[in-house]
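Each of the two complexes below includes subunit A, the first together with subunit B, the second together with subunit C.
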Partner chain A sequence: MSVTSVPPVPLSRRVLPLVMLSPAVLVTLAIVFLPMVQALWMSLHDYVLFRPKNFDFVGLKNFIAVWQDPVFWTSLRHTVIWIAITVPAQMLLGLATALLLNQNFPWRGLARALVIIPWALPSVVIALMWVWIYDSNFGVLNELMLRFNMISAAIPWLANPDTALYAIILTLTWQGFPFFAVMILAGLQSIPQSYYEAASIDGASQFRQFWHITLPGLSGVLMTATLLRVIWVANSIDVIYVMTGGGPGYSTYTLPLYALVKARTGLDYGYGSALAVSFTILLLGFVILYLRRAGRNIA
Partner chain B sequence: MTFATKKTTPRRMTLAAAMLAGTALAGAVQAAEVNFWYHFDNADNPMSALVEKFEAENPGITINAENVPWNSYYDQLYTSIVAGTGPDAALVKLNAQPRLIEMGALAPLDDWLAEWDGKAEVQDNLFTLTAAADGAQYYLPVQYVILYLYYRTDMFAELGLTPPATCDEFREAAKALTRDTDGDGQTDVYGFGFRGGKGGHDHWASLTVSRDGAGFGPGELTSEAGVAGTQFVLDLFQKDKVFPPSAPNDGFKEIIGAFQGGQTAMTIHHIGSSAGMVEALGDKVAATPVPECGGGHWTSFGDESTAVFSDAQDKEAAWKWISFLSSPGNNAEFNKATGQLPVTKSDSASWDGHDKVFVDATVASLPYAQLLPNTSETADFANTVWPVAMQRALIGEITAAEMNAEIDALYND
Partner chain C sequence: MMVRNTSLTRRILTVDLPVLLILIFTLSPYLWMALTSVTQESKLFTEGPSLAGATLENYLRLFRTVGFGANLLDSFIVAGGTVIVGLALSVPAAYAFSRFRFKGRRLLMLQFLVINMFPLVLLILPLFILMKTLGLVDTYFALIIANSTVAIPFSVWMMTSYIDGIPRSLDEAAMTDGCTRFGALFRVVLPLCTPGIIATGVYIFITAWNEYLYALTLGGRSVKPITVAIQTLIGEYQVEWGLLTAGGIVGAMPATLLFLFIQKRLIAGMTQGAVKG
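What follows is the complex of A and B.
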């Protein structure tokens, strides 16, 4: 038995990757980690912006207040509903769209380009557009539903606490589904055609082919895209802010929005930071669980 | 040719340093910049004409005037001041003054005012109204408005109604005006466009705080009169259904748009929107003071001043700019852009920027126009506490008494 000795890697080769990575790492540290540490530090203080000279350390007081704050629990419930409906709805719609766009039909290239439009539009534009769609006086949604006798009176979709959150969820679903569609379309094209041909020869139905070839083939893409969307949707406040500002009352408050209102409008940066840190910990816990579970399933 | 090497003496060095400093100072004076923040609803505002005129009259001073969106104006102002990136001077409202003073952000104007010729030109009571609690003057008035009731003359005439003078008349008129005009079974005109979103506290206060015994003092809002006022507003929405269903979320754009579009027959705003109203509705729109409710009258005095910030890079230049805006002639130009009313006596005397009916309604409202309490809590009241409490009350999550208790607790606990 012979032992082959591996030649030592020169120092320059070992250091080079670190040197190449360092600008990106430094920038990330400066614009992501530093503000995170600052937020954590502020959350342990009483810090109201219009009293900038008072910066008293209060330990976990803000976190205890968060725990006892009914608006925190309302916002948390809305955040869970917000993520639990929006992300699966975007995924299903994206999956259906990708399957359609993967078929051969005339103008397929144009259809693929058009489907990306909602994703490419700025959130503020989308929010304003949907505010008009939902408008109780001039909105096209009420107009159509009244014409088809689906409702007997115009519904103030965004001013009714029972419908406001779901109306915004529909808006965000529309905005985000192209992301899933594009990702899934790329995944579909990476599944070898020979799998389908073999399954077809064995007599597998279309549904069986989808269930046993397409879905397993897409699992990696779906896992990554879902994780990204959960994080993005959870943190998304621009559409809510423009459409309702969190109202009526607390009907459309989510945790990031509540943190923003407390810090930026209420100028209570100590409490706002405690809300943001609490939410980050909750989201981080979910992401870790998800990665473990999804990673195991894929393996 | 020989050059004698001169020995550098301390005196020469001092002289050279002084010359350098002098040159630098001269450069600084020449390059004085004033970053000025303001907010105009009017998209094609002619601020640049005023800036050009000022710069021509004051060579060496450059004005960087930035129109900051109203919705986030104060959020941005406070955070930028703390971050050290705030403006040198800005348009400011009185309810922001206590916070700005607490932050140490404002420069007192008293010394400049004492020497300023234009002081006597500013209407007498405005300096009293805008004086700070510590006795100093930090604000220089630049425009004002008073809220009144807009109504549709054609709809009132059609139904034989007269402009409401009391809350009872207001309610009856609103009920009569709420109707289905095209026979499709749907209400398409509502009696009153209520602003349930941010900024709507003026509507609520006119119908609530006006009542005898109601106000912002301890226990006044939780008194019988205070609760009756808020209940009156809730009944208009929940029982009489005279507000559009979107009222809980409606802001400035919505109430003005609905009134101009004929979806509402009355709303409360000020002379600043009158030009747009006349453009949209011609002589079908008029104005009258807000109704008297529960034995009293209350309407909002909408102040707007300018201030110099304590961190301004050149306070003298900033003062020159803001005093320019409050001087006769310039103040009229400024107010033609904002659609509000000038603060100088001569501009007021020759003012022709608005139709007479709106000026008359403003003047008639002057005797009972009020400001919100001049305390730090008012910013919270206007930005967060009132909008959320009002929306929750309108959608039935809390009662009128609970809503008033929240506001009372903010001011008095």
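What follows is the complex of A and C.
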């Protein structure tokens, strides 16, 4: 700024950003942070919706009950399996897709546009079409597998406790891998082409180039995307809720789903909140890791 | 010539073919749903879905008998309302984040980021109690508020990265030429980030349109967005897959079209900030 320009008025410069920020901050405080505190508060109470007058403070009773609840442990185990399979599967498929879409071929633009479609679809629609695919009588998956003799009789994928969780994991992998592909593709494009040129002059093989240039160049993106996905996959319940509602039995219960079902169907908001709070605490480690990475990037 | 041919074959084998396989995996569930939706219900279980004798009968039934039109309108109002609330609150906030350096800036930005990391279920339960106490369950207002919990933090981040991309020197030049700060905001910054505002608005619209759990919890008989309507269909018309898949296609259509339309810009914004998956 030149010397002749108007000197900034210190007070307004200090107040203006706060004025511009305050609507967004106040609204989020009111509709996000306040309800969260309320959830914490509810979790310390006996609060069943059909007895709204009884709101007795019970301290950690709900949490102790959670700890002793076998369904909690089942749901926790499913949540871990669910994350441990879905996220790596999405990442590998996303990485392969991104590497391919980074090559030169005539219809690259079209392929890039089409590959992201699953990500834009409503999860209810995703659940619907996969329920149809998995249908035990008329589903196309059974039909194809029967035709190619991979199975001898139709399998009720979603009604069988042994397969239901994995069937949903496949659906979620399908839904989420484009996100990885897009993130990784952006990461690939930020690796300078000259690195590869230098490496091939030095005689490095394709694989060595991938191992020593591509992967290190992608590590930041991979880490960020993985953390985000872990958090989002852990949280996502809409697909399961529509596909199986947690069933058969408890075979597709995950923690947030259990919390939701407990509150929605059981109307037990005290216990449901305690489950939600416990789940949040378990997830907090990943959230903090992610925030630390993101915080570093804020100029 | 030989060399060119072998390298072309090689490319087809190592690139085109795998890409094609991935696209088949990506698109076939959707295409299968589309194919089912144009097959006559009576033929579906005897001959399976096919293009021969394609019909729009399922779609007509969807609107005539099931009354999908009202649900589409509900979704439209909720998603549109969320876009307005989200943009109105986030554009000024993003401008402040981008153009000012003040105490607590980093903390406030992280505050917006952390919101999207918390489990939805932690918010749904208290929001339902809150709306019930206020008598707002089953209103557009409740759903717009609920969707804003997702939309505001996201669009603050996305808009901040867009405004960051507009050189500061431009608004400083305008102010040197006698514009007030607001003049510079309205005459320089906002026009330049119109594409960003549109992309952010479209993104908010898509997420609000696709949202299901809030709609299920806070909606009801008078406000029933399309996602809940589809799920209700699954319960009521269990085996009528022609009708169900037609519902799926209609429900996915607006979001899919908008997405393809705005895709490039959206991806640029998505990969810059930290965003919902």
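In this text, the second predicted complex is superposed on the first by the 264 of 299 C-alpha atoms of A that agree within 3 Å, B and C clash if a C-alpha of one lies under 4 Å from a C-alpha of the other, contacts with A are read in each partner's own complex, and residues count from 1 in each chain.
Keep in mind that, in the parts below, contacts are C-beta pairs under 8 Å (C-beta built on N, C-alpha and C of every residue); 3 or more make two chains touch, one makes a residue touch a chain.
Note that this is a predicted model, so its numbers are computed, not measured.
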{"item": "First, second, both or neither for A:P161, with subunit B first and subunit C second", "value": "first"}
{"item": "Touched partner set for A:P248, first subunit B, second subunit C, both or neither", "value": "first"}
{"item": "Partner chain in contact with A:W82 - subunit B first, subunit C second, else both or neither", "value": "neither"}
{"item": "Contacts of A:F72 with subunit B and subunit C, given as first, second, both or neither", "value": "neither"}
{"item": "Subunit B versus subunit C as contact partner of A:R264, first or second or both or neither", "value": "both"}
{"item": "Between subunit B and subunit C, more extensive residue contact with subunit A", "value": "C"}
{"item": "First, second, both or neither for A:L146, with subunit B first and subunit C second", "value": "first"}
{"item": "Touching partner for A:G176 - first (subunit B), second (subunit C), both, neither", "value": "second"}
{"item": "Partner chain in contact with A:R51 - subunit B first, subunit C second, else both or neither", "value": "first"}
{"item": "First, second, both or neither for A:M42, with subunit B first and subunit C second", "value": "second"}
{"item": "Interface residues of subunit A shared between complexes with subunit B and subunit C", "value": "135, 137-138, 264"}
{"item": "Subunit B - residues contacting subunit A, complex", "value": "75, 78-79, 82, 99-100, 102-103, 185-187, 196-198, 244-250, 258, 261, 263, 376, 380, 383-384, 387-388, 391-392, 394-395, 397"}
{"item": "Residue numbers on subunit A that touch subunit B, as the complex places them", "value": "49-52, 135-138, 146, 152-156, 158-161, 244-251, 261, 264-267"}
{"item": "Contact set on subunit C toward subunit A in their complex", "value": "11, 15-16, 18-19, 22-23, 25-27, 29-30, 32-33, 36, 44-45, 48, 88-90, 92-93, 95-97, 99-100, 102, 105-106, 108-115, 117-130, 145-146, 148-149, 152-153, 156, 172, 175-176, 181, 206, 209-213, 217, 226-228, 230-231, 234, 241, 244-245, 247-248, 251-252, 255-256, 259-260, 263, 267, 270-271, 274-277"}
{"item": "Subunit C contact footprint on subunit A (complex, rising order)", "value": "1-2, 5-6, 13-14, 16-18, 20-21, 23-25, 27-28, 31-32, 35-36, 38-39, 42, 93, 96-97, 100-101, 103, 105, 111, 113-126, 128-133, 135, 137-138, 140, 143, 174, 176, 178-179, 182-183, 186, 224, 228-229, 231-232, 234-235, 237-238, 241-242, 256, 259-260, 263-264, 269, 272-273, 276-277, 279-280, 283, 287, 290-291, 294-295, 298"}
